[in-house]
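Below are structures written as structure tokens.
In the two complexes that follow, subunit A is the common piece, with subunit B as its partner first and subunit C second.
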Partner chain A sequence: MTAVLAIRDLSVAIRTDDGLAEVLDHATLEIARGEIVGVVGESGCGKSTLVRSVLGILPPAARVTEGSIRFDGVELTTLDARAMARDIRGRRIGFIPQDPYQAFNPVFRVGTQLLEVARWHGTGDQAADRARLIELLRQVQIPDPEGALARYPHQFSGGQRLRLRIAAAMLCRPDLIIADEPTTALDVTTQKQIIALLGALARESGTAMLFVTHDFGVVAELCDRVVVMYAGQTVECGASSVILDRPRHPYTRLLLDCHPDRAATLAGIPGSVPSVIAAPSGCRFHPRCPSASPVCSTALPPATVLGPDHEAACVLFGAGESHASA
Partner chain B sequence: MLLFLLRRVLLVVPVLFGLLLLTFVLTRVVPSDPAAALAGDQATPQQIAELRATYGFDRPLPEQFLHYLVQIAHGDLGSSYFTRRPVIEDLIERLPATLELTFFALLLSVGLGIPLGVVAALHHNRWLDQVLRVFSVGGIAIASFWLALMLQLVFAMELDLLPLRGRISITGDAPPHLTGSYLIDALVFWRPDILRDALEHIALPAATLAFGSLATIVRFSRSGVLETLQKDFVTFETAIGYPRRVIIAKYVLRNSLVSTVTQIGLLFGGLIAGAVVVEAVFDWPGIGGYAAGAVFSADFQPLLGVTLLIGAVYAGVNIVVDLIHAWIDPRVAETM
Partner chain C sequence: MNLIWLKFARDRSALTGLVIVALVALIALLAYQIAPYPEDAFSSDPMRRLRPPGAEHLLGTDSLGRDILSRVVLGTRIALGIALSVVTAAMAIGVPLGLVAGYFGGWRSEAVMRVTDVFLAVPQLILALALAQLLRPSLESAMAALILTYWPFFTRIVYAETQRLRHAMFVEALEGLGARPLRIMFLHILPNIASPIIVRATIGMGYAILTAAVLGFLGMGAPPPQPEWGLMVAESRDYLPDAWWFATFPGLAIFLVVFAFNLLGDGLRDIVDPRLRRSR
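The block that comes next holds the complex of A and B.
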């Protein structure tokens, strides 16, 4: 399988008044063509920064300090802004935002906004693009698609706005769709429906997807593989079934214990995600980790291969096997 | 929407009533006596008292006000105590000149102010922004009569590019009368010679008048654009591949205009007030000089007439501004 997106050892630092914050610390993940990969972690783990790095929309104070992002062979970290806007965003990478309401421009009709992408990245045949959009709106179950295009964003419910966004992201047939916690604000029923819809659409069109979430339930339903992040580091990755059944990294295990569907008594992880300004040295999870040993604070443990599609970065699994993953 | 219009138009009535009441009281509490002024220096107290009785100045104030309201309700704005001319005639003659000047100034300040504000925002805190900031602070700080004199000195006296005063050349014709605005009438009847002459005459007074409001528009559109650029949807529009220029010129601009447009209605009031001074300096035959004269001679009827009319125009402009606001922002339209 060739990777459509390969992020390796990506480090991103943000200048703040209190100093340099390393929001991503050697984050690594890979997405094969047509594959749906979930990125899971608590708030503040750098999931959104990861997304912004790929899309090239990091805030001005942030900068990639190390590592690479290769999209279909093209290095995105060094690609100039114009090429990024012209060839990548909207055209080859679609994006579904965290808050579909804030992402809509309040004073333009939905149709104007959804078709704007196609104007610059579509087939060049505006009527055809429009027809495809209508068809997509039908697939995401927007009632009266034609009429919907003439309405304004505030006239739709939260779930419908997300459906509109899904259709728009699909419009130009991208190779990869990035979804940044899109279902967080929705009620459980709507969330389930939309996840099912999104999964079906992506599989049908063969589009790869990077799906950011903090919900293992969504991972179980939607994702082929999952990457667990903690405080800017990728701590464990593997096939969803493997990670969900046999999590190895202490953080993943604790995180899974927090999920109401899985735990008989709802556990929590003591402490909270550390500030990335004075991030703990070595493995960033060690201050909260029940299995921590003194060596954890000295160095970031390399990823260890634990199975056919399973890696975790923890000293528990020994450094000896690390070369196998490199 | 139609209901909204009707409601807004009806609301103008109590506003104008309040405006009249206030102006009426103000004219009566100032220590000026039109009867004494009318009677002249030589008049005996008895002659003055007779005049007072003739004009009803001896009646209680509420009665006088009621009398005035009844008169207005009949469509009669009264006459000047001094010239005996009906106020309505004076207004019809002079109001177009003032409206032409103020609307032209408004057009200038909006037409220049919005682009300059956008440019300033896009060059946020760089030198172009700083230069524009100096200008816009200056624009608010500079006294219009001083600016008027300077413009006259430079463009009329020194460079001899533009006429010093007046609305049209003494030797030239006025266009055929239709709206009373020389610019519009010259356009309608297509008299390019008159149009040019009228434009040359309006340039300096309109520039003087526009300078202050231009500054306000620049500041509001600048901060509007800066604020909009912070919005999530701008980041998102970038993320899904809209070109930068389209985001700025289409998606950001319309959002940022909301705060600017709501300012326009308020600015219009300032323009009318500023016109009084500007008209005096440039000898512009508008309502400003007329109103000022009426104040000095305590000529109540013209004063109230001017107030009423300008109040009505101001209210009208603000209704139009609300409609534009609703057109820009559909969420506003829904609350109408």
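The block that comes next holds the complex of A and C.
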């Protein structure tokens, strides 16, 4: 398996007035070429920080304290900001931001903003860029692509704006697209259509995708594999079908029980995601975990291989074969 | 766009301001064509000194026999020239600083904003006077002083607005697709905050004209025989109250232009930021 993106033991800390916040704690994730990987977790689990670390757009107060991010053999954590902006962001990694309603500069025409992306990355040939963009707009099913370029963002619906953002992300034919909960702000029917479209486009072009969401329904429809995060730690990862059918980590199980389609009684998880300032020691889920034991607070358990393409980090499986890198 | 014009057209005081400002700008452009005695800017004629307003000299003549109407008309060029250069220069300093401070935050914003605070703490007129004294009184020193005291206002506005937009989703989208900071600041954030800058600039025009007149009056601005309004009022002091026209018309000119810029600025602000609507 050749990984287009490999994140290993990534820790990110943000300086705040109240102290150091460890937003990511040894997060680990791998995406093979052409694979769609979902990252799932409650709000505040560090999903967006993970995305920003890969893109190299962490806020100024944040630092990568440990670990590595390798993109197609290039180490991104040490790459300088200039090269990151010129060669990686937008060019080799496409980005679809969170809220399509707010994702365009309101004062410029859509065409100007989309073509700008190609221009920064120095493709040079403006006519070709334009033709490529119009072709993409057709693919993302924007009616009247030529006319759409001359319109302003507020003249499009949320779903259409998201389609436009998808086109922007795909413009430079990236190897990887990162989508940060792009459909959360949309209504369910639009969301369904766009998820289907996104999946088809990614498969067709062979682009790998990192899809952040908190919706297991989206994962089931779109993702090959899924990574479950809790408070900055990777707790379980594996093929979507495996995780959805046989979740092993207590957090994944509880999270899945919150999904109305799957659980007879909506359980919910008592408590809430802890503050990452002075986060619980060891496994960060232990204060809310029904199966917690005293050991849980002492150390972060290593990821245990539970089957082909299925790992979980929990002391419950400590007896199993331990992951080499942990 | 049409909506903005409609709103503006309904605001009678702002419209008045706009009309006066437009008229004044026209007068300034055509000053040498409009002024009945354009040579009176500098040359004097003692034979017709201190004539009251009449058919030959609509607004009378001054202590050196110069036509006051001509000098007031020629003075619009100086007043608008000062205002435009001061506001442009203050913007050129203040806006980029505000953008940088607001966008990057951290030590850059601390450094910029503390310096801004220092400049805001200096009394404007006193700094202007000190500078004029230091550099020898001239239009240039007055303008330098005005620029030095006015740029912090732009920095503060731009800083606040940039900070607000810094975390807008479209900025993140731009960053995520590889836009560099300078491009984001100047090509994307700046157009979004143009309106508060324009409002501040309009109000700044009135302020610059007024302060330049004050400096002229105190002998720290334009040197004689320039037809500068503040200077003209100063020269008239010895002839009051008999030659009332000497002081009145340059004074009225100052009043009208500053008033018009303030009306216009207030009106623009109401359109740009309805939350700050003035009570009437």
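Criterion: the second predicted complex is superposed on the first by the 318 of 326 C-alpha atoms of A that agree within 3 Å, B and C clash if a C-alpha of one lies under 4 Å from a C-alpha of the other, contacts with A are read in each partner's own complex, and residues count from 1 in each chain.
Definition applied: a residue touches a chain if its C-beta (ideal position, glycine included) is under 8 Å from a C-beta of that chain, and two chains touch if they have at least 3 such contacts.
In this text, all values refer to a predicted model and were calculated from it rather than measured experimentally.
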Original post:
Which term applies to subunit B and subunit C once both are placed on subunit A by superposition, clash or fit?
Top reply: clash
Original post:
Can A:R284 be said to touch subunit B (first), subunit C (second), both, or neither?
Top reply: neither
Original post:
Between subunit B (first) and subunit C (second), which, if any, makes contact with A:P97: first, second, both or neither?
Top reply: both
**OP:** Examine A:H26 and indicate which partner it touches, taking first as subunit B and second as subunit C; both and neither are also allowed.
**Re:** neither
**OP:** With the two complexes superposed on chain A, say which partner A:H154 touches: subunit B (first), subunit C (second), both, or neither.
**Re:** first
Original post:
Now for A:F108: first (subunit B), second (subunit C), both, or neither, which partner does it touch?
Top reply: both
**OP:** In the overlay, answer first, second, both or neither for which of subunit B and subunit C A:R132 touches.
**Re:** neither
**OP:** Have a look at where A:P60 lands relative to subunit B and subunit C in the superposition and call it first, second, both or neither.
**Re:** second
**OP:** Mind sorting out which residues of subunit A both subunit B and subunit C touch, each in its own complex?
**Re:** 55, 57, 85-86, 88-91, 94-95, 97, 99, 102-108, 116-117, 120-121, 168-169
Original post:
What residues on subunit B touch subunit A, complex-wise?
Top reply: 231-233, 235-244, 246, 251, 254-255, 258, 328-331
Original post:
Within the complex, which stretch of subunit A touches subunit B?
Top reply: 55, 57, 85-86, 88-91, 94-95, 97, 99, 102-108, 116-117, 120-121, 152, 154, 168-169
Subject >> Complex interface listing, subunit C residues touching subunit A >> reply: 104-106, 168-170, 172-180, 183, 188, 191-192
Subject >> subunit A to subunit C touching residues, read off their complex >> reply: 55, 57, 60-61, 85-86, 88-91, 94-95, 97-99, 101-108, 116-117, 120-121, 165, 168-169, 178
